[in-house]
Amino acid sequence: MEKIKSIFSEQPQFDAPILVEGLPGVGNVGKLAAEHLLDQLKATKFADIYSSYFPPQVVVDEEGVIKLVNNELYYSKADGKHPDLIILVGDYQGLTPEGQYDLSDHIIQLCQRWGVKTIFTLGGYGIGKMVEQPRVLGAATSKEVVEEMKAKGVIFSKGEPGSGIVGASGLLLGLSKVYGLQAVCLMGETSGYFVDPKGAEAVLRILASILNVEIDFSDLESKAEQIDLITSKLKEIETPAEPKREDLGYIG
Amino acid sequence: MEKIKSIFSEQPQFDAPILVEGLPGVGNVGKLAAEHLLDQLKATKFADIYSSYFPPQVVVDEEGVIKLVNNELYYSKADGKHPDLIILVGDYQGLTPEGQYDLSDHIIQLCQRWGVKTIFTLGGYGIGKMVEQPRVLGAATSKEVVEEMKAKGVIFSKGEPGSGIVGASGLLLGLSKVYGLQAVCLMGETSGYFVDPKGAEAVLRILASILNVEIDFSDLESKAEQIDLITSKLKEIETPAEPKREDLGYIG
Amino acid sequence: MEKIKSIFSEQPQFDAPILVEGLPGVGNVGKLAAEHLLDQLKATKFADIYSSYFPPQVVVDEEGVIKLVNNELYYSKADGKHPDLIILVGDYQGLTPEGQYDLSDHIIQLCQRWGVKTIFTLGGYGIGKMVEQPRVLGAATSKEVVEEMKAKGVIFSKGEPGSGIVGASGLLLGLSKVYGLQAVCLMGETSGYFVDPKGAEAVLRILASILNVEIDFSDLESKAEQIDLITSKLKEIETPAEPKREDLGYIG
Amino acid sequence: MEKIKSIFSEQPQFDAPILVEGLPGVGNVGKLAAEHLLDQLKATKFADIYSSYFPPQVVVDEEGVIKLVNNELYYSKADGKHPDLIILVGDYQGLTPEGQYDLSDHIIQLCQRWGVKTIFTLGGYGIGKMVEQPRVLGAATSKEVVEEMKAKGVIFSKGEPGSGIVGASGLLLGLSKVYGLQAVCLMGETSGYFVDPKGAEAVLRILASILNVEIDFSDLESKAEQIDLITSKLKEIETPAEPKREDLGYIG
C-alpha cells in the first residue's frame, strides 16, 4: 500500500490560506488549541490522511463503529475578518523519523498546491514545573517573520528552546524553509506532566489575535480548572520527584 | 525480494464469499477459533503468503521437514447452508507497523478481487482476570452492521474496547472502511494470561450461528478443560499479581 | 545505493554445484566449519556481497588496510571426487528481518542462475550445557532429502529444534522450498556459550563424507583443545548460572 | 519525499579536490577538527544535505530563526599551497545503518562526479582514559596509502582500532575502496568521555601538514584548556568508574 494515502471528501479552493497544525505532543498543547479552534470556527472536514507510519490500530466509538487512526484536515473559509484557514489535527504523529519526514513533506506539498501563505504549528514547551501564566514562545523561518511575531506578542527568548523543536511542529517549519514557505511555531509553556488546557489557551489567544478570529475560551478554561483541581490534590499527597531534564525539551 | 509473496495452488472462483481472519493475538482466541472452523469445515488450503515482514525463520515438523513461516488461506465452498467461506490463519502477524499495514492491505486487495461481502476478524479481549462465561464483544465498519450484529447476539458495549483494536483484526476493519467494504470484529473475553480455548469457543459459537455452519465443539471444550485444570492448580500455588492495565487492551 | 551489491571478480561456470553456507550464529559453528572447508579446499574467492543491511562498519587488517564488512563467495571446482562447490562465508548476517530475507533471497537467485543442486546450511544447535560428543541434527526441504541424510548419519530428532531455525541457515532452506530447490541444514550441538570448534568439526565430518571431500581436522582439533582448556579452568573458578532457555534455540 | 536531498547554492568546478569529513562521533574529535579547518580557511558553503535519515528536528538560533538539521558542504579553492578542498560537516549522522550507508554512498557519488583524489575522514579513537599527548592513528584503503601516511607521521598500530571503524568515517573509506577511490581515516586518541579539542588539534596538525594548510590553533587550544580545567575539577570530586570496554571502540 502507499505509505500515505489522503482521501478528499471535497476539493475546496483557497485564497492565500493559513495552515494551522496541532498534533499530539508535550502536554497536548498544540492538539488542544487546534481542536478548540476548529470547534469554534465550526470548520468543515475535507480530508482524511491514512498512513502505515501511524500505529496499526482502529479506534472504536461509543456505538461500536470503528475508524482507522488518521490525521484530518478541516477548513474555514474567510469571513471578512479572518483569512481562509486550514487546520491539521489527528490522533498520532508518525512512529518513525522517516515517517515524520514523509508525513510533513506530504503536508508541505499540499500547502504548495493550495498556495498557503503561512503555516502556524502549535506545540507545548515543557519546562518541568507548574506554570501559573504560561508564556508563548516562538520560532520562525526568517528574521522578518520573527519581527512580525514579536509585534504580535510572541516571545523570542535566546536559548529557548535550547534542544530545538522535534516532530511535526518542527519539521513543518524546517521543510517550509527548504521549500521557500513562511512558517511560525507557537509554543505554550507547560509543565509537560499533564494534558494542559492552560497552555493551549495561551497559544490560542495569541493565534486568534494574529488571525483575527473570535474565540470563546470558556470550554478550555473549565478544562483547565479541572486539571488545576486534580494537580492541587496530587500536590497535597506527594511532592513530585525532580523531573529528568531530557524529558522537557520535546515540543510536539 | 517482494515484501509479500502469495503463492496460489489453485485459483477458486467465489460467489459473494465471507472472509474469516484468525491470526495470533491475545489468548490466541482468534487463531484457535479460525483453526477450529477450518478443521470442522475440512476447508482446502489454496494459498501461502510469505513475507519479509514475518520473522526470518522456518519451523520444523516431526519428520524434520521445514516450512518457511507464513500465513495461509483456506476455502470452503457454499453447501446450501453456509455461503462461500475464505479463512485466513497463520503463525505470525507482521513484525512492524508498516508490515502489518502492508499485509492487511494485501488481504483487502484480494478480498476486492474475489468480491468478498463481509470480513469477520476474530480476536481476544483481554480483561486481566479469569472469565467464567466469556462475552463476545463486537466492533464494525458501520452503524447498520452494528445493528445487524446486535440482533445476532454480539455485545456492543460503550467504552469497550477503550484502547481500540490493534493488529490485523483492527487493520482489516479499518482498511475495509477506507475501501468501502463491510467488516466486523468479534472479540471473545479472555484473561489474556493463557491460550484460551473457552474464549475461542464463545467467538466461534456466535460466528457459526451467523454463518449457518454446524460445529462440533468437543475438541475446543476438552482443550478448555485442560487449561482450567492447569490454571486451578496454579491458583492453589499462588495468587497472581495485579495485571498491568496497559497489557489488557491488545486484541489480535 | 542498492541495498545489496554483489561484485564478481570472475564469473565461473558450474556443473550442478553444491552451495555450502556458514555465517555467524550460535557458537559460530557454521562459520568455523565453512571457513575450515574453504581453507582445506584452497577455494577461490569470486564475489564480495556488500549490503546496507550489514553494520555500517569497516574492519582494519594488521597493516592498517580497511575492508567494508561483507559476505564472500568462494568456489572449488569438481576434482573427480567432490562436485563443484560454492561456499558462502562472512562476518555478519543482515541486521533486520527484512535484511535477512533480502540477503537470503539474493543468494537463492544466484543459486538458480548457477543451477545449484543442493544447498547445505551449517549452524549450531545450542543446548545450554557442555557437550562431549556433539550430535549433528538435520532439517530439510522434503521427506526424501530427510531419508537421504539419515542414511549419511545425520540425526533427525522429533521436536529438535523445537523453536525452528532462524537466520540465514533457516531462510535459505525456507526460500529453497518456496522456489523448488533442495536444501539441508546441518546443526552441530554446542553449549552456545563459546565459539565451538568441536561442534564445527562434527558438522564438517558429516558434510565432508556427504561431499566426498578429504579434510585434515588438526587445526579445528587444536582450537577445540584450547577452548576445552579455557572452559575447564573457568569451571574451577565458578559454576555457571542456569542459562535462560530462550537463548538456546537460535541457530545461525 | 526523497530520503536524501542535496540543495546546491553554487556548483563549483574542482581540480582533483580533497574531501575532508568531520561529523559527530567519539569526543566529537572529527567534527571539531573539520569545523576549525573550515573556519581557518574561511571556506564557502555550497550545499545543504537534508535527509529523513536525520532526526525529525529543527534547531533554533539565537534570534529565533530555525534550520532543519542537515549536513553541509564547504569548499576552499587551491591557493598555490593547498589543493582544492571540500569539507563535509554537520550536526548528525544517519540514525539507522541503512541511513548511514545511503548518506555515505551519496557523498561518494558526489566525489566521483567532482573527481575527488583522496578522502580524509576524521574521528576520535576512544581509549577510556585521559590522554596527555594524543597519538593520531590511521587506516586506509590500500597498502600504498598506508605507507604514504606513515611518512607523514600517522601511526599505524597492529590491532588498533581492534573493533573496526563505524559510522561515516568508516563507511566513506569502505565505499571508497569498493568504488576504487583512495581514502584515509585519521583518528585522534581521546578518552571518549568529553568533547575533546586536544584530540581534534592532534588530528588537524597532521592533516594540515599533509594538505599544506596553515592553521592558527589558539582557539582549539583555549577550548582544550577549558576542558582540562573542568576535568581536573571533576577528578578532585570523584574517581570515575571503570569504563565499559565496548563503549570505547566507536569512531565517528
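Per-chain numbering from 1; labels A, B, C and D assigned in written order.
Criterion: a residue touches a chain if its C-beta (ideal position, glycine included) is under 8 Å from a C-beta of that chain, and two chains touch if they have at least 3 such contacts.
Bear in mind the structure is a predicted one, so any value in this text is a computation, not a measurement.
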Angle (degrees, nearest 5) of the CA superposition of chain C onto chain D: 90
Same or different residue numbers at the chain B/chain C copy interface, by half rule: different
Centre-of-Cα separation between chain C and chain B, whole angstrom: 38
Computed distance of Cα centres, chain C from chain A, in Å: 53
Residues of chain C engaged with two or more neighbouring chains: none
Category of the chain touch graph - line, ring, star, complete, other: ring
In contact (per the touch rule at the top): chain pairs: A-B, A-D, B-C, C-D
Complex contact set, residues of chain B against chain C: 1, 3, 5, 7, 48, 50, 52-60, 62-69, 95
Chain A residues touching chain D - in the complex, by the definition given at the top: 94, 97-98, 100-102, 104-105, 138-143, 146, 156, 158-159, 161, 164-167, 170-171, 173-175, 177-178, 185
